[in-house]
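By letter and in written order, the chains are A, B, C and D; residue numbering begins at 1 in each of them.
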């Protein structure tokens, strides 16, 4: 399929429409980004690549990184992981303390902030040097050793992240954080600060379109079953309180971040990453959602 | 693929395991069913059928019928439908009034009770004889004119359905029920009372595996886009508060009913219906979930 | 104390201040009232009366009547009543379904709508002709046989009261309504439709300032203990989500209604009724609250 | 009135009844107390004292101290205080994060943990040496310079208080904590660690029965109006989720602590403190509630 041509059609349509979203401003570092950046990159299982715009510019992938931390933790814990975190959509805004309280410190899923904090706790328990091993894992997935944390973003998260600090303390009060709060919180803030390009993102997620094998080196990252399950979690929980909307309009498993990135994939076919910093009211990239909707409409292919 | 053989393997495994669930008892009619009934039926797009056990016995499909009512309403209203009902998972138990109150009478999705009541209101507004036209629509889908409402079950629902009566009154208080409460409530109770066999169910849902075309007569039931979107809604909202679990373990769009039925489908391939009346704590068929988990594991095919 | 003079001072202050509230409009009958009506009436235990303005004009006392229905039911059931309804403030807006769901159909207190519906159910169970006996009870309290239901208001409540219909159905689903829903709901709507003057209201509530004895005829209405407990319930639950504010500013047990009436009392001293139809955002009479705040400030007497 | 004789009657009744409560165990320091301790002390405005049992033994007054911190903050801020904290009962368990989230970081009242944290923040903002000035204020009220913080209890609170740490972070995320989290949290933990005897407690609260004047030295502590308002807040919010029950059974403004202490007062008459460490399910002293219920029944005097 001529993905390049479809990209051009889509960007034509996108450019004539407005872009009414707002750049995330909850930490100063994020608000400094150029709101009009726009990049898109698709990588197929057969190794072909298609890109458009600022596809090779680094940006803060934020919550997208939670999927990769989950992959690592899932490998380490197998199904014991699910005693400490659920696989259900949250049904409320992404950092709500409400359900955590009713459900006794078991986060609804590993992709909301509460769940990702538990995932970080698992990594702290299981890895000797979690910060280094996590970034090495992601570098290998993307085949790019330049990928790194952004210390300024991580510091901003630490200094201003009172809601996340509330979450981790609440989870700890129910006994579901096993390590020192500061250690786990630091790893979480680092995780959210990772910077990647659309090209690197689409490459890094390709193993989930390939049944768990990294096509770059044919090494198995996770089992077929875990790959399928990770996609299922993205499908139901990857877009804050808009997972239904994304599923309805786009029909692919994916994950968004407040930096304006979205990654999605069609099992057996491709992985695609889009970046546009303006967010809609639910915290997902306004243009990113539109682009992917047009993309699955024009390619007439989705998981449904 | 030799589905017959896989059925035998699965039923072997199932029979040696326990079946600890409970038959639904909230209306007397449902509790009278033989708890050990077990049927399974798969229909492929190519017209082949595979079945096992009590696949030709009628049972109360209950909430499964909500998908078919949605299909009809979606056709009548197009995207205007989504001004009155959402497409997001509810994140709480299936008949909760909580979110309805916070979200001003707009049900989270058309497959929870609140949403199905709004769908029934649409049918009452748009159809001359909604009760008749709805059952005719389902008979055509399944290619079987014997499918019908069960008056005893419908009456039980009407007499004992105080929670649903609370729901419809609450929605009406926000102006999102346009017709007389009794008329809409009666249609809803009728809808939940429909009886079908596994064979009929898998046939009736096959159009959603076929991009909206009924393979029985090659007539288009709904557009490709609506078919895809209906599957997306089932994927995210089809299993009460266990949609994540079903997605995680099975990986197919589907819908369950408290009568013990589950229907699921793999787009482009098949539709499958299972029936086993004992329910797990979340209200989904205990064995039905297990069977479908084993089925997608053994066939190594799911949407993810 | 020269209450007459204090009334004049208060009304002077009130008249120079604004009256920004809104007349209740949820039923048409209530919205037709003259928004500028203002009456006040105080009756002392020693039998003296003080009034100002439209103190002898009938108005819809609405929720104020719930206290009198509670008195009757408390007498009939003694402490068994509290197995079916609590005595705690609700902490949320007055007709919320949320807590009712979490607390399994036991309303938080008898003065919210849910609780008053249970009280009406008690009256239907215990009285031969509850509608007649209830109004007779109130007529005797006030010493005025002209007090009556308003059929137009009651009909409006019945036709438009979808939220209350949702409430009673929800409570019934938990088994805490023992009689036919329509019968109980009709009594509830009648109860809310009672019309009284400020003079009649202050007279009718005087027994709660007198340890349970009606000073008009020296007959005991309820025991000392029940009188004290009814005052405690008014203190904590009498002003929707503004009980704290009323307690904080006024410091008397009392009850408000959306018709703009408020009745309050100082045990051992007096009962006072105010009427001004404009309501604040929480549904309590804007001027009524102000008047009573000024009154307890100027008289330097409250329960605290 | 012969309060001594009434104490004897009450303790007779109490001793023949059981004492099924549990000593608080959420911090180790509290669980070490002798569960059978029992003390009671009443001080009248006329300067007479009546006591029984362990009335001169120090115990951890815990949340009771929140009333005294409120008094100090109310004096410093006047009515500006109420822009940062409400005066309404919470309607849920005492440390719930739910309402705080819905109400954007404004705690419902100053006597729940969230509200007391805001009060501590006020003290940190306004006082040069809040820890010292707070304890001096309390020493003066009780006329006893030996009253002090318990460093072991305070440390326990700091180390194990994850829920409170979650609360303060959540409030900070809404901008309603103005100072450094650790500083405010330390003061809060100190506040909860104060130890007093029943005798000291009843003396320290006597100013609230005396219109704001400390009868020990005839110095005004707070204005008449603030005294009345503080009592109103205790009445509606002083017993976690059991304020209604206490009001209903006892009919006095008061405050309890998880150390098993309760203080209550009858304006114009007396202040009374009870101590019995076993708590009921709502976290209030089991015997303390009973004693006060019997006390107001036998003395036939309450605010209602």
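To be clear about the criterion, a contact is a pair of C-beta atoms (placed from the backbone, for glycine too) under 8 Å apart; a residue touches a chain by one contact, two chains touch by 3 or more.
Just so it is clear, the structure is predicted and the values come from calculations on it, not from any experiment.
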item: Steps needed, at minimum, to go from chain B to chain D via contacts; value: 2
item: Chain separated most widely from chain C, comparing mean CA positions; value: A
item: Length of the line joining the C-alpha centres of chain B and chain C, rounded to whole Å; value: 47
item: Rounded Å distance between chain C and chain D, as computed from the means of their C-alpha atoms; value: 32
item: Intercentroid distance (Cα basis), chain C paired with chain A, Å; value: 55
item: Where chain C touches two or more other chains, by residue; value: none
item: In contact (per the touch rule at the top): chain pairs; value: A-B, A-D, B-C, C-D
item: Parts of chain D lying in touch with chain C, wherever the complex brings them together; value: 86-92, 99, 108-109, 224-225, 227-229, 231-233, 235-237, 241-245, 247-249, 251, 253, 267, 297, 300, 302-304
item: Residues of chain C touching chain B in the complex; value: 96-98, 101, 162-163, 165-167, 169-170, 172-173
